[in-house]
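Okay, got some structures for you below.
Here subunit A shows up in two complexes: once beside subunit B, once beside subunit C.
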Partner chain A sequence: MAGGPQKLKFWSRITIVLRSYGVLIGLVLIIVIASIMEPTFLTANNVLNMLRQASVIGIVSLGVTFVMMTGGMDLSVGAIVSLCSVVAIRMMNTYGQTGGSSALTLVVVALIAAIGFLIGLVNGSIITSINGRLGETFIITYGMQIVVASLALLYSGGQFITGTFTDGLYQQLGTGLFPIFLFLAIALVMHAVLTYTTFGKQICFIGANMECARMSGIKVRLLRTITYGICGMTAALSAIVVTSRVFSASPLQGNGYELEAIAAVVVGGTSQSGGNGGIVNTIIGVLVLSVLGNALNVVGVDANAQLLVRGGIIIVAVALDMWNKKTAQRMATI
Partner chain B sequence: MNRYALEMRDITKLFPGVRALDSVSFTVSPGEVHALVGENGAGKSTLMNILSGVFQPDSGSIIIDGKERVFKGTKDAESCGISLIHQEFNLVNSLSVAENIYLGYLHTHKGGFVDWKYVRESASKLIQDLGFNFSVRQRVEDLSIAEKQLVEIAKALSVNAQIIGMDEPTSSLTQKEIDKLFTIINRLREQGITVIYISHKLEEVFSISDTITVLRDGQIIDTKATKDTSNAELIAKMVGRPVDMNYPQRSSKVQDEVVLEADNISCASYVKDVSFTLHKGEILGIAGLVGSGRTELVEAIFGARPLQGGSLLVHGKKVNIGNTSQGKACSIGLVTEDRKETGLALHYSITDNIVISNLPRVSKKGVYSRAMAQKSAAQSVKDLGIRTPSTKQSVINLSGGNQQKVVLAKWLFSDVDILIMDEPTRGIDVGAKYEIYLLMNSLVAQGKSIIMISSELPEVLGMSDRVMVINKGRKKGELAADEMHAEGVMRMALL
Partner chain C sequence: MKKTIHNRTAVFEFVLNQTVLLLLLAFIVIMSIVRTSFLAWWNIQSILLDVSIYGVVACGMTMLIISGEFDLSASSQYMWAQILFVTMLNATNNPFLSILVTLVSGLVLGTLNGLIVTKLRVNSFIATLGTMTMIRGLCLVFTNGNMVSTRNEFVKTLGQAQILGVSSLFYIYIGVLVVVSVVLAYTNFGRRLYATGGNIEVARLAGIHTSFQKTMAFSSMGLLCAIAGMMLVTMLRAGSTQYGTDIALTCVAATVIGGTRLSGGAGNAIRTALGMMVIVVLYKALIYLGLQAYYQNLAKGLVLIAVVVFDVYTTRRRAEKIGR
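So, the complex of A and B:
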């Protein structure tokens, strides 16, 4: 029995390391294996391309992280991307024919962000007015997804819109290093907000125990509503990046984005019940999913089989989250 | 034939870092009501969990009716006639009483279909044998807490339990319901069934038990016949030192200044036209039965429930409190009755839980300072004597008493003038209770005012300057310090 306590210490230390860095270790493993199997994986070209792609879903995921930190869910972000895409490109096409003015891009970006924010506020107001829990946030934002998707189709007449404007700045937003910087910049700001401001602290506390937050005099309704607004706004910004990248807009552009974003947040380790996780987790989650997708592509795995792996990863992430909670609980009862 | 219905010999249970039970030997005679008392963490629950097969002991043996038994799970214990009724009921709310009683053991016809007639009749009989008469077809969610408890007992009897453990069975019962429960327990005793009764409330233990065993720090301190011991002796044994159970003396005086005035306030169907005043430096006690509207009353004052009528004046000024943040802005704080559900974020640190109600105090221009928060929390931990290795500790790891102190620390950190405490000492041990009383005294000495709700009459009488009694949502009366006595308050609360 002499070695007993020592052994326990060792294993619990391993557990703690796995709990804190498990996903990160997974990410490094995927990179190492992929680069051994296929040397082109780590070329600058491939890496940049991968990160550009990651930044689109990445930006959406950042907002979703905020909502999930409060113990909620937002299924409407994909539709918001679609609507904002067609609105943005049509606005640019209408007013951006003369060329040369970056001011127009800035105005459009601000307007689109405002549209996303407003849709999010509507989500948040409805959810908080019925004091909705996780289940209700699912259904309400799903309803909003359908409404907004329909608006995108109506607005565009169901048509694909090709970019015809000449404004240079807008076109740059989705190319080169720009989207990657944009993703990191937004992530940095949101990380700072979540960890270093009283607003962020309260958001986390709401997720940890909403009723306790209310009973502690926190403006739960207001803060939750704003969170959904922020989530809508990041979805809108993502629409700018993606439309700039492809220089066109489809009314179905954001289809399925919400699930990819949620998957990234969950894989990163932000708990679905709220209060645990954060922006850094989500960045790692986004990287895991996009690196994995790219690696499977590069090493030549069949596209249909790739889905199998992606689905598996998400299920494992949720299972790990539950396991984490269980061990945390067990440690607590001791 | 056997002297003992149950014998537990040299039971030891280790949890990493803690010796939860240290060679505990414990015997119970058939047909007796055996009370198990001790502070939180003394090992009562662990012992019951071992008896009911939830935990397995590291060493020691369990002997039932002269035969040694090993329980690998709760089913094993159940088949030996042992049932444990937990504080939180193990019932399915959406099913009927009969279904709950026979859950998992539904009697079937030969074809495999449930024999409802048999199930209902035998369930009815069990309920009637316990001296009650209600339909076993009604759903459990429509029952009162006392009736739910009855269903639990019937369920235990349905599997022929000979030993029934009850863990804090009266914690959410009214006095009337407690009396009913005691009638049932007496009936069980007559039927030769052994009851192990765990409770914090010594008065109950004295009125129902035959024998009392005191546990402390995982060891049996003493077992005595109830008639041979006294309140003072038990408390001394529970805490290991003689404690002056009198409430601490207060030297400060209530001041004339009125800090809070409620004028005919109402809240939905819970509270009707209640008026009262609260003075600076005063502890106003609120007595009343569970469900009398006392919790709803204070929640409405704090802003957690909408006020439907009447007005509130804070420091003589009429205020409109529509939500909790406005309540806090009026310098009102509420220590809720359920610290685990509404008082704390259990998985968050002590620091996070303390500073949450007043983040601006640890922030500069909206930027949160972890260092300032850590420092303030450390100060609170020191001031309130919260026992923890670090302020970074999750509150879930603390004992009930220390958790309650964290909830208090939260509101003290907000520096509220009016502190409302709903059941501030529920489920915490004697030592921690006393510390909370001392803290309340020092708060009123600083010129704060306290409203305290408590189901424990001695506590209300011992701590309050004045007592207001609530009955069915209405104010039934108010008693000053010199006219307070238990029977008077009880009469107002009941009639």
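So, the complex of A and C:
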């Protein structure tokens, strides 16, 4: 402020640009740097592969966005992916042996989605029964993560299950452009729900100020429970895509998915305090993280070192978000 | 009439306050009836050993939760301490230098967590989620995911030493417990920590440097994680990224069972120690009953959830009573 009005104007303009487009600028920068360092980065094959990978985490992140919009957290999504993976592949193996029909696939997908939704509802009911704040949602969904992960291990006997079924439709779900379309379709639906329905508006309200929302007559408990259900359902759908992609299921399939999903949501700018952000933010966050991961792979950074980058990005993204808010507040007071 | 109600609530309050102790006694009694060898000396020894290492981290977690913060990265810090300690021992063969370096590293990591939370104002759950991922990455890069081991004589003697038939590690734990309890109960720092966690706005207005308090709580956590990591190394003479992945949340569970509220501002380390004892006895009981490892995990998850739900219900009951 000591630098006079001219300088303040310049800086505030920069902050406004950064605040609105910071993540997008980051995405473009990563793409440019990676394609200069490694020309194979921008080949159609690599881009498609990247998008297919992104859509698995992406679908999970969409549900997590809903939960985080309400000021909560879901650490159990990874375990839900694991459980749904082994259940789905075993179901397909049992009933899809003799030239099963596409109807079977649809039934399995519906059942798996229902299982995910139910686990989410359990999460949500426990959390809302105690009116859990952020800390409690963290610990309860972590407890659920342990429970669901051990259910997955119990169900599969700790074994890796290979797909032996012959149903064609299920195998198509994870190949070609299908996962990308599925991701976009779910994103579109959820975006519409969030922006154009009363339910969506109420979710934003709950995130912005839960007490206020309760006093305004919004059924906070019911809505929060449903968001956790939706979150579980998206995790289950992601399990379908991933098992179809690799045509097998591991009871540890979803290990660490929750962290990637949270990172994507946070990087996208859905803030921890709830309220603002949204599906579009999350799509950008997912893209940033998967492009970055792929770029690091292409450049030759090993998976372990990537953890360092990933952890750092989570912190930097939230810190920037907080800094933005501070600047916005200061500019509002000026 | 009024008096009887008062008496009854007093009794109820007393029972509620002693839940940990009653729970612990109940577990031990049931287990020793079901399996008489549960009270065998070697089993008690192994319980005390388990309580010692996790208990040290739980002391730090208690301080943090009292200050109203939280540390998910404890598990990674604990791994890093093991790996660094073993690596230093192998490189220098000087136990005291290695201990010093590990302690300093723990202090630095903890302080870093604290600064991220207080200066960058990142929510402690997200911040420590980030540092947890980073430190785990560091450990994996360092070891390639392999176990590291040492043949250092000093470590061997310390790990095997017993005083009155109990491992020396238990005495280290008692030492830490006493120091943390004294700091919390009798020093200005401790009292300011309670004030910070109880109501940060009031504490700030009362002239307490709340960011400093919180950062110091994080630093202590880092230091205690380093100590716990080294204790594990003296026991196993090895360190790995596989040991102690559940330590952070187990310590939270112990702290909450011990009656420290997640919302901060209340609790003490001795009760956390009892809470840790309950958890370790429970885990041992699960093993003793011959349950498959997956069922043990299932039970751990359920216990964690039950503990948090129980905590919130009792806290609310108290709050309502005060409100009346």
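The definition used in the following text is that the second predicted complex is superposed on the first by the 317 of 334 C-alpha atoms of A that agree within 3 Å, B and C clash if a C-alpha of one lies under 4 Å from a C-alpha of the other, contacts with A are read in each partner's own complex, and residues count from 1 in each chain.
We take it that a residue touches a chain if its C-beta (ideal position, glycine included) is under 8 Å from a C-beta of that chain, and two chains touch if they have at least 3 such contacts.
Not measured: the values here are computed from a predicted model.
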{"item": "Comparing the two partners subunit B and subunit C, which touches a greater set of residues in subunit A", "value": "C"}
{"item": "First, second, both or neither for A:106, with subunit B first and subunit C second", "value": "neither"}
{"item": "First, second, both or neither for A:136, with subunit B first and subunit C second", "value": "second"}
{"item": "Subunit B versus subunit C as contact partner of A:201, first or second or both or neither", "value": "first"}
{"item": "First, second, both or neither for A:219, with subunit B first and subunit C second", "value": "first"}
{"item": "Complex contact set, residues of subunit A against subunit B", "value": "5, 8, 195-202, 205, 208-209, 211-219, 221, 275-276, 328, 332, 334"}
{"item": "In the complex, subunit A residues that touch subunit C", "value": "73, 126, 129-132, 134-136, 138-140, 142-147, 149-151, 153-154, 158, 259, 262, 266, 272-273, 302, 304-315, 318-319, 322-323, 326"}
{"item": "Subunit C to subunit A touching residues, read off their complex", "value": "70, 116, 120-123, 125-127, 129-138, 140-141, 144-145, 249, 252, 262-263, 292, 294-295, 297-298, 300-305, 308-309, 312-313"}
{"item": "In the complex with subunit A, residue positions of subunit B that touch it", "value": "15-18, 304, 323-325, 327-329, 333-334, 336, 341-348, 352, 356-357, 359-360, 363, 366-368, 394, 396-397, 410, 414"}
